[in-house]
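For reference, the structures are reproduced in the following blocks.
Two complexes are shown next, each including subunit A; its partner changes from subunit B in the first to subunit C in the second.
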Partner chain A sequence: MDLHAVKSTPPTALFGMAVILLVALTGLFAPFIAPYGETEVVGLGFEPWGGDYLLGTDSLGRDIASRLIFGARNSVGIALATTVLAFLAGTALGLLAAGLGGWTDQILARLIDLLISIPSLVFALLLLSIFGTSIPMLVLIVAVLEMTRVFRLTRAVAMDVAVMDYVEAARLRGEGLFWVLRREVLPNITAPLVAEFGLRFCFVFLAISALSFLGLGIQQPTADWGSMVRDTAQLITFGEVVPLLPAGCIALLTVSINFVVDWMLHRASGLED
Partner chain B sequence: MRMHPLLTMTLQRLGFGLLTLFAITLLIFFAIELLPGDLAQEVLGQSATPETVAAFRERLGLDQPPVQRYLAWLGGIAQGDLGTSLANGREIAGLLGARLGNTLFLAAYAAAIAVPLALVLGLLAALYRGSWFDRTVNVATLSSISFPEYFVAYILMLLLSVKWGLFPSIADIGPDAGLGTMLYRTFLPALTLVLVVTAHMMRMTRAAIINLLAQPYIEMARLKGASPMRVILRHALPNALAPIINVVALNLAYLVTGVVIVEVVFVYPGLGQLMVDSVTTRDIPLVQACCLVFAGIYILLNLCADLLAIATNPRLMSRR
Partner chain C sequence: MTDPLLSIRDLWIEGRQGRDWQPIVKGIDLDLHRGEVLGLIGESGAGKSTLGLAAMGYTRDGTRIAGGDIRFDGQDLLGLSARRRRALRGKRIAYVAQSAAANFNPAHRLIDQYAEAPVAIHHLMKRPEALREAQALYETLRLPNPQEIGFRYPHEVSGGQLQRAMTAMAMACKPDLIIFDEPTTALDVTTQIEVLSAIKGAVREVGTAAIYITHDLAVVAQMADRIKILLRGEEVEEQETSAMLSAPQEDYSRSLWAVRSHAAPARPAPPAEAVPVLRVRDVGAEYTRGTPVLQEVGFDIHAGRTLAVVGESGSGKSTLARVITGLLPPSDGAIELDGAPLPPQLAGRSKDQLRQVQMIYQSADTALNPKQTIREIIGRPIRFYRGLRGAALEDRIRELLTAIELDPDTFIDRRPGALSGGQKQRIGIARALAAEPRVILCDEVTSALDQIVAEGILTLLRRLQEEHDLAYIFITHDLATVRAIADDVVVMQEGRVVEQAPRDAMFAPPHHPYTEQLLGSVPEMDPDWLDRTVAQRAKA
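What follows is the complex of A and B.
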């Protein structure tokens, strides 16, 4: 990206990219940045800010700043894994539905419609009560629920591409379905899928954080932003801003991603204003 | 005899709604069967004695074949009997009643403020597109959408309740509180929902109106010299009703589930709080009942939106 391109990028998008980069680096190098360990008890409960503990300690005497830093690794990492899983499943099924058409398509599409007709937070709660709360279960449940949205988008855009002449030509010259989907259809639908990935990540991230906040997602002692809000929530009644820190981290990251995606969509739509 | 197209479409949508609801009962019920192994053992844990496991299985009816259990469950629902809670053995229907009322009250309270506000803001942003007003509102709403509900809720609680002492931080509605008291005590949860939902609804309204104003017939109306007022009221508005109704319904449906988090933050005795509590205690019949009620409301709202959109469609309203 040259200087001119940077200048024409709106400040919100630049801000968003900076925050995303910062969070990614923090997550990657968390053990080197954090002054204390993730679950290490370093002092008494509720130590004040400043001094040895930049942002004080939580009820068990763990350093809040360190846990926020490790949260960048855990919360974002788990959400990223979930989103990738949702995308692999959703894109594969969507491509298959668009490529095969007919009964396969109808059955898949109706099943997904059914899954979407239940509000996803409520559905996630139902599944968690049945399967119990563990991180692999959480990832799987949220991935299945978000996969439905990816499926819908992939199917819709892939259907537009599947009727193009070049796809027809590939089929006529005897290429297999898998080859056609991978070499002809997939490269032509990557642009909308990339923007969707950003948006989906936000939804997944917010959904997992919400479940963790409700005490049903990522559990102690793993440092996670959503459950940190829950653990420190009672402090708000004493006028402390501590619960707002992890909540603010979540908000900052999702806002940043939305700014970047908004700018990407705007550019892709080719509108000047 | 040929039926009026309006009637045919209405009946179609009603039938489709019922079918979806039926399919959802199947999904909610048979989700249990997805669990590999035994539900009783899973819920009670490894240390449970065989006797307690057997007793649990009998209480849930797990000793009967699933199809038979499903039919009994469905039959019960049709008669208003949702079974009994595992945690305290009370009738679920009785537990849900008051909670549902509270949740609907909170959602209606938030909707009464958010819907008019969002429509006016969305319309203004669309009409003054690209102005500083539009841009400010765009950044503000994009941020507000991305915030988790509890972030907004705790900020409001910190400022309006703890720092300035204007409103109570716990939305504890007493059994005999008057309407005024209830509105006052639930103001903070309602305001949280308003902030989150307004942003969504406003953006979607703006997009719907902008999309509409780009249509050729609006251009045509402008070119033939119709006044801006007439273009908006006579040409745009009748066609804008359907998308706007959709936007409102989508957000009301969101409101009903968005309350889950807000209820937990403000300790409000609603359906969402009940559901979260029963997930924690793994009170599965109660979770299933809550899920069914939420899904039912969701479908009902979407159905209403569909019907209203059909009823206000100018092309269907005119005589053939």
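What follows is the complex of A and C.
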């Protein structure tokens, strides 16, 4: 990106990109940045801020700053994996529904409607208590639930493209369904899908954090922002701001992604102001 | 002479292209007096619509007024605040757009949308009064059932009626100036004549001034007192209508006139024993069981010849194309290719059968994938049908680009977005040609193009036909196109073939009554044609 492009980018988007970059780098290089290990008990419980422990320690005597840094890796990494999974499934099924139409479309769409009709947090809690709370299970369940929205978006935008003459031209040529979907339809719906990816990531991230906060998400001793809020929650009654730190991280990242997505959508829409 | 109602001096309008601003309108002067109708003619991209909108002090997104002066009734339009300008729009200057269907809100009844401007926005009258006036205007515009039609929703009336309802809407506040932006371009000829005469009558009755934008000369000849011709944002010439028609001064104006009278020489009829390359035998088709869209449609088409299928929208022309291509299996009858039956379903046809019947679409914008380069668009059918790769593929793509008169080096890596309408349509032709077909279905391929560009496309198609012995099925509602390219004509109405004959026989009497009506509705360059034709029909 040249200087001119940076100048014409709104400050909110620049801020958002900076935060995302920072979180990504922190997550990638967590072991090198963090002063202590993720699960390492380094001192007494509830040590104050400053000194050896930048943000103090939690109830078990683990360094909160280090756990926040590792949290960037775990919370964001798991949410990212979940979003990718949700997108792969949602886009594939959505394209298929739009491309085939007819009964396939009806059956898929109604099944997805059924899934959407159940409040997703309640449903996730239910499934997690049935299948247990391992990380793969968490990823799978949240991915399936979030996939429904991706499916709907993909199906809707792909249907708009599927009626274009160039799609008909490809079908008349005798091209297979897979080729038509991949080469003629998919390239024309990437813009909304990319934007949706950012937003969906926020929702996934919030959903996993909420589940962790409720105790059914990422489990101890893995450092995760959602469960850190829960672990330190009682401190708020003593006037401590510690639980607000992981909560703040969650909020900051979510808002930042929204800034960037807003900007991208705006650019794609071609509006001037 | 009084001061003009609208006076534009040295107007420059620029449009954004990436980071640069390119001029679209280059120093145009324009004067319009009360009660006068000015026709604006030019190809698309000539700046007609931009100029028309500027007369309201409005510019589209991505365009800006770079210089000049627009005065409306003594006020400097560009100097007014946005609020004052908005107060003029709809009330003193109104706009009628090309596609009424796209400009009506489908969720509100016609009369409610009519009442919006005079009642809710400009507070000129109370609703009951507005409704009464609407009904009176609907009557002036000769809408059927004027008392009742306003209470329908946009989808409940026909395209021609909707266009007239939109004209009524523009007249609601009794504006001094109405801008008509191609109001009849999207309509069939037989509908167009009704709308034209209704608009003409209403404009005459109310005495409003109008700017009439179109690319159809014969239409503007009926409507305008004066005609101004634009080319690439510059004025070519401006004259009184009769003077412009009888003695255009500039070469460009004369070339516009010449295009209309173009006709291809007749070819000899094919020998009686020749097997037609495509035979449509008693085809019937339906989308829902029991309501046939096509009935007993049958014709032959021989190699190297062009068959025009003519009819209004709703006559079944496009359905016929879907049946021939296999998208819609016929409910009755059969299609034969070289004397052998063609499987009714697309999925049942072999790759070679698919290859032999290709299609060119009406709207080049939706016919080319905007994300693919020209190389991919033309290359794919070559690779798909002939399996060419690498250098051989590249050579063939270049050969095809040369055949459609586009420079390979310039165009091969472009995407459709960087092409003009005519260039896109040429790429559509190259894609069809790449399959090396025997039959090409051309679905209204020139109707979205300007006359001169369309002329170029038709000439190209004729040349390719001779070089490759192609058979064309030309689906069109434009009889000028038929005259220019067809060898044989099939006239369709309500899913049936009503007349079928060689072209010259078709254009010579006696005609089937429906053909007669179609032919009689094509506007002629004579300014009195509209009034005369309408009067004749009223008598009959």
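Operating definition for what follows: the second predicted complex is superposed on the first by the 273 of 273 C-alpha atoms of A that agree within 3 Å, B and C clash if a C-alpha of one lies under 4 Å from a C-alpha of the other, contacts with A are read in each partner's own complex, and residues count from 1 in each chain.
As a convention for this text, a residue touches a chain if its C-beta (ideal position, glycine included) is under 8 Å from a C-beta of that chain, and two chains touch if they have at least 3 such contacts.
This one's a predicted model, so the numbers in the text were calculated from it and none came from an experiment.
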Checklist entry - Does the superposition put A:Tyr53 against subunit B (first), subunit C (second), both, or neither? => result neither
Checklist entry - A:Phe70 contacts which: subunit B (first), subunit C (second), both, neither? => result neither
Checklist entry - Who contacts more of subunit A, subunit B or subunit C? => result B
Next on the checklist: On the A-aligned overlay, A:Ala169 touches which partner chain: subunit B = first, subunit C = second, or both, or neither?
Outcome noted: second
Next on the checklist: By the touch definition at the top of the document, which applies to A:Ala247: first (subunit B), second (subunit C), both, or neither?
Outcome noted: first
Checklist entry - After lining up the shared chain so the two structures overlap, which partner does A:Ser209 touch, if you call subunit B first and subunit C second: first, second, both or neither? => result first
Checklist entry - So, does A:Asn188 touch the first partner subunit B, the second partner subunit C, both, or neither? => result second
Checklist entry - Regarding the shared-chain residue A:Leu127, is it in contact with subunit B (first), subunit C (second), both, or neither? => result first
Checklist entry - Which bits of subunit A are touching subunit C when the two form their complex? => result 164-166, 168-175, 183-184, 187-188, 270-272
Item to check | Of subunit C, residues touching subunit A in the complex | outcome: 61-62, 325-327, 346, 349, 351, 354, 358-359, 361, 363, 366-372, 380-381, 384-385, 431, 435
Item to check | Complex contacts: residues of subunit A adjacent to subunit B | outcome: 12, 114-115, 117-119, 121-123, 125-132, 202, 206, 209-210, 213-216, 226, 229, 233, 236-239, 241, 243-244, 247-248, 250-251, 254-255, 257-259, 262, 273
Checklist outcome for this item: The answer for subunit B against subunit A in the complex is residues 20, 23-24, 27-28, 31-32, 34-35, 39, 42, 129-130, 139, 142-143, 145-151, 154-155, 157-158, 162-163, 169, 253-254, 256-257, 260-261, 264-265, 275-276, 278-280, 282-284, 287-288, 290-291, 294-295, 298-299
